[in-house]
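Each in C-alpha cells, the structures are laid out below.
Each of the two complexes below includes chain A, the first together with chain B, the second together with chain C.
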Partner chain A sequence: MTRTDGITAALSHLGRLDELAGANTPIARVDPRAKLVTTAAFLVTVASYGRLEVSALLPLAAFPLALFALGDVPLRPILSRMALVAPFAVLVGAFEPFLDRQPLGTFGPVVVTAGWASFASIFLRFALSVSAALLLVATTGLDAVAAALAWFRVPRVLIVQLLFLYRYLFVLSEEVARSLRAHALRSPDHPSPRLRIAGSMLGQVLLRTLERAQRIHVAMLCRGFDGEVRLRRPLRARLSDFAFIACWCAYFGLCRAANLPRLLGIAVHGAG
Partner chain B sequence: MHMSDALVSPAVAASMWAATTVASVASARALGRRPDDRRVPLMGVLGAFVFAAQMVNFSIPGTGSSGHLVGGLLLAILLGPSAALLVMASVLAVQALFFGDGGVLALGCNIFNLGVLSSFVAYPFVFAPVAGTQPTRGRLALATVLASVVALQIGSLGVVIETALSQRTSISLGTFLLLMQPIHLAIGVIEGLITAALILFIRDARPELALGNLNATVSRPSLRRLAVGTLLAAAVVAGVLSWFASSAPDGLEWSLARASVGTRAGTQSGAPQGPSLRSPEPTTVLPAETQPGPESQERLLHAVGRKWPKIDASESLSGLAGVAMTLALGGLLAAGLRLVRRSSRPTSPP
Partner chain C sequence: MSHHLVRLEDVHFSYPDGTPALRGVSFELHHGESVGLVGANGAGKSTLLLHLAGVLFPSSGRIRVGDWPVTSETLGNVRRSLGLVFQDPDDQLFMPTVADDVAFGPLNLGLPLEEVATRLSGALERVGAAGLGPRPAYRLSGGEKRAAAIASVLAMSPDVLVMDEPSSGLDPAARRRLIGLLRSFEHTKIVATHDLDLVMDVCARTVVLREGGVAADGPTASIFGDSALLEACHLEKPLRLQGCPRCGE
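Here is the complex of A and B:
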C-alpha cells in the first residue's frame, strides 16, 4: 500500500514542476529560446572545468540562484528531485578520495588530497547542472520549451512525441498505480509482484494502453487530424532577451577565465 | 546507468549529441517516408507506458532484490527501431528535464547508450536473427533475453568509455569495467525476462498485435548509412574539439599516467598510506611491450601535473576566504532578490 501511495505522491510532484511555469515572474517572461541557449551555455561551461576545480566553479551558482530567486521557484521540489538522482554521480565520486591520494595542499593540520578535491568537484558539477535543468522547466514549462525546440529545427516527430508522452504520463502512471494497488490487496504476503505476475500485469496495462491509443486516434480524426500536429505558440524576442543571453554568457566567460573566489580572497586578505 | 552531467566533458557530450542527432534525424526521416496517422498517438502513449512501467518493481526469484523495466528493447520489438529510438529519446528527455536523471548535457550519451544501441544494434543483429519470422514461445523468449543482455552490456560499455574519455574521475578503465559489466549482465537478464514475459503475454492475449503488426507501418533507415553517418558526426565533432584541447593528454595516455602517478605519489610524498582500493600493480590498458619507458612516463606525469591547480599553503587561506565570501554573496543576493520579488508581488499583474 505504501508503494502505491508513494507513486501517487510522485505523480503530484511531477505535475508540480510544469505548473510552476504558469507564474508571471521576470524569468518566466524571458523568451524560452533565450533561456534554452543560456542554459546550454551554462552546462557546457560547467562541464569544461578541469577535474580538480572546486572554488572556480562556485561563482557559476549565480545562474541557478538567479533563476530560483527571480522565478519564485520553491526550494523543496528542486532539492527533493536532486536528492533522488544524486546516487550515481555521488557513488562514482566517492571512489575518488581512495584512488587519488596526491596531496594538493594543507588547510591547517588537514592535508587535502586530489581525490577529495575531485569528489567535491563532481558533486558541485552535479548540483549545478541538475538544478539548472530543473529550473529551466520550472520557469519555462514544457510547452514553451517544445516551441523553442521547434524554432531550432528539432524534428517535428520528436517534439510531438515529447508533448504526447508528457500528456499521457499521468493517465498511464495512475493506471499502473491502480494495478499495483489491486495486486497489493489480493496478495498481502508479496509486497512486490513476482516476475510472472509482473509480466501479465504490465501486459494488461499495455493492452489497455494500445486500446487507448486507438481511441485517441479516433478522437483526433473526429477533430480533423490529418497526420500533422501544428504547434502555434507566438515567440517574440525582445531586446531584453538578447541582453539576457549576452550578459549571462559574458559572466560565464568571466568565470571561466578567472578564478573569482581566489581573486576576491586575495583582494580582501592579501596574497599571503 | 544513466550517464551523468557531472562526469562528462564538453567534447564527449558534443560528440555523443552529434551521433544521437544524426540517428534521430535519420529515424524521423524514415518515419516521414511512410506517414501513418495512427502512429502519432501510439508512439506517445507507448512512451508514457514505458515511463509508467518503470515504476513497477518486481521481485527477482532466488534473490532478495527487485528490478524494473528499462524498455528500449520492448519498444523496438513493438514499434520497430526508428520509432523506438524517438520514443526512448522522449522518455530520457523527460527524465532529464523533470527529474534531473542524467542531465541535459549527458542526454546525447544516454539516448545513444539506451536508445541507439538497443534499437540499431541489439534489435537487428541479435533479436531479429535469433527470433526469425515465426518464433516459438521458447525461441521468442531466448531472443528477447539474449538481445537484452547484449543491449545492456554495450550500453554500460558506452558509459564506461564515455566516462574514461571525459577524464572527470580517476577510476581506471579496467576497474570501472569490472564494476559495471557484471552488474549489467544481471540487469540485462532481468530486463530480458520481464520483456519476454510481456511480449509472450501480448502474443497469447492479442496475437495480431505482438510482432510486426505494430511496426509494419514503420520503415527503417538503411543500417549501414545510419552507422556511417552516426560515427562520422561523432568523429568530426570530436576531431574539431580535440583541436582546442590538444594541450591535454588524451584519454589512454591519461589513464596510463594516472595509473603510475597513483603509486609514485604515494611512495614519494609520504602521503597517508591506508587500505586502498587501488591494486598494488598499476592497471594498464596496453600490453607490456608497448608500455611507455620511464622518460615518457615522466613527460606524461608532467603533462598531467601541469593541469592541476597548484594550491600552495600561503595561498590557501586567501582562497578559503574568497570561497566563503562568494558563498555569502550568492546567498545574500538570492535572499535579497527573493525579498524584492515578494514585496513587489501585490502590485504585479496577476
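Here is the complex of A and C:
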C-alpha cells in the first residue's frame, strides 16, 4: 500500500467513531450529559491516584469495559486510536525506571523498582483515560457531546471551535491525500515528495483548505447556522440516567477509598 | 408580497483585488418560473448566485428576494426564502450522517422536533433518498450526494431554489434522474449551468451572462436557436439542436 492509499484509508476510518454513535444500544440511549458527567468523574478519579499506584487502578477498568460491552463498540477502532497516542504516554513515563531505582518489592525473581511502578501507573492511567474519552465519542457522537457541553454552559466559542476542528480535520486530510496522489502519479521514481516540493505543496494544501473551509462555512450560514449546536434528538434526562451517574460515581468513590484488589487478596488469603 | 420573487437592479460587483465580476446585472423572476443562467467560465454565474444568498453584497445596485431587500440585516429572512445548492455536494454535506445534514437547516430555523422529523423524511423521500438517512455523506456515490445536498436545502422549504452546476460530475442515468426531479419541483428555480440540454428540459426562460453583464434574456428555445449569440458568449447549441453528424439534418 502506498502512503497516499494509506492516508485515504485512514481518512475513511476517521469518521468511524461517529458512525458507531448511531447504533441503538443501552449505552447510546443514555443521555449525553450523564455520560459526559460520568466520564469527567472517571477522569478525575483516575488522575487523583498516587504516582506509584498500579493495582488500585485496575478495578476502574470496569467502566471502559462496560462501555465496550453495553455500547457494542468494536475493539479495533478504539485500540488503533489509542495506539496513535500511546507514544506520548511512553515518552512521559520513559525516564521513570532510570530516575527512580528504589526497590519497591519483588515479583518472583524480579525486583520491581519505584520507577517501573510509576511507568506502569502512567501507562495504565493513559489507557484508562484515553479509552474512556474515545468511548464517550463512540457511544454518543461528537455533536451530542458538544450539545451536552453547551448545556453545562461551556462557552459557545469553545464548542464551535471543537466542532470545526473535528470537521476540518476531514477537509485537511482530503486535501493532503489529493496532493500526495497528484504528486505520486507524476513522480513515479520518488513517490514521497522531497523537502523543497513538500514545502510548496503544504502551502498549496493550506490555501486550498482555507478556501474549502470558507465554502463549507458559507454552506452552513446559508442554512441558518448561528453558532448554536442543535440536535435532532432532544436531550431528555430520565431516572435511569441519574442512576447511571450515581452508580458509577459511587463505584469510582469505592475504588478510590479502598484498594479493592488488596482487599480481595486479604479476603482470599483469610479464607485460605 | 410583491409580484416579483427575485429582482436585481443594476448590480455591480468587483472582487477585493479589483477584478470586476458583475457589471450592471438586472433581471426579475416571477413566482413559479424556472430560469437557466448560462455563460462562459468567468461570466459571473457563481458570483451572481452568491449575491442572491447574501454571501456577497453588490458594490452598487439592489437585490430583492421575496419581501426582503438583501442586506446584512435581512439575511435570516432571505436565506429562509432562498435555498442555494452548491456546485460541490462535499461542501454542503458536513454533518456525520445524511439525516443530520438534512435536519441541520430546519433545526437552525428553530422548528419543533416533530416538524424537523417530518421535513427530514419528506425531503429525503422527495429526492428519492429515503434510505440514505443514517449513512455518512462521504460514503455516498456522486448521484446520491447530489440528491442529499438538494434534500438538505428542500427541508428548509424555500420559495426559490438556486442551483450551481447541478449536473456536474453525474453519470448519464443520475443526470436523467436529476432532470426528472427538477421538473417535478413547483419551486421557482434558478439553475446556473453549462449543461444547455438540461436547461432545455427544465427551464422555460434563459438568462445569458457575458463578462459580468446580461447578454440576453428570453425564452430558452429562441435563445438557443440564436447561433451568433451563443458563439459570442462562448456557448454551443444544445446537442439535440445540433444537426445530425451523419446526415447533417
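What we mean here is this: the second predicted complex is superposed on the first by the 228 of 272 C-alpha atoms of A that agree within 3 Å, B and C clash if a C-alpha of one lies under 4 Å from a C-alpha of the other, contacts with A are read in each partner's own complex, and residues count from 1 in each chain.
Just so it is clear, a residue touches a chain if its C-beta (ideal position, glycine included) is under 8 Å from a C-beta of that chain, and two chains touch if they have at least 3 such contacts.
Predicted model only: the values in this text are computed from it and were never measured.
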item	value
Partner chain(s) touched by A:167 [first = chain B, second = chain C, both, neither]	both
Touched partner set for A:212, first chain B, second chain C, both or neither	both
Which of chain B and chain C A:220 touches, first, second, both or neither	both
Partner with the higher number of touched chain A residues, chain C or chain B	B
Chain B versus chain C as contact partner of A:234, first or second or both or neither	second
Touching partner for A:261 - first (chain B), second (chain C), both, neither	first
Overlapping contact positions on chain A, where the chain C interface meets the chain B interface	18, 142, 167, 212, 216, 220-221, 225-226
Partner chain C, residues of chain A touching it in the complex	12, 15, 18-19, 21-22, 141-143, 167, 170, 212, 215-216, 218-226, 228, 230-232, 234
Footprint of chain A on chain B - complex, ascending	1-2, 4-10, 13, 24-25, 28-29, 31-32, 35-38, 40-49, 51-53, 55-61, 66, 69, 86-87, 89-91, 93-94, 96-105, 163, 167-172, 193-194, 196-198, 200-202, 205-206, 209, 258, 261-262, 265-266, 269, 271-272, 276-278, 307-323, 325-327, 330, 333-335, 337-338, 341, 348-350
Residue ranges of chain C in contact with chain A within the complex	50, 53, 55, 75-76, 79-80, 83-84, 86, 88, 91-92, 94-97, 99-100, 103-105, 107-109, 113, 116-117, 120, 134, 136, 138-139, 152-153, 156
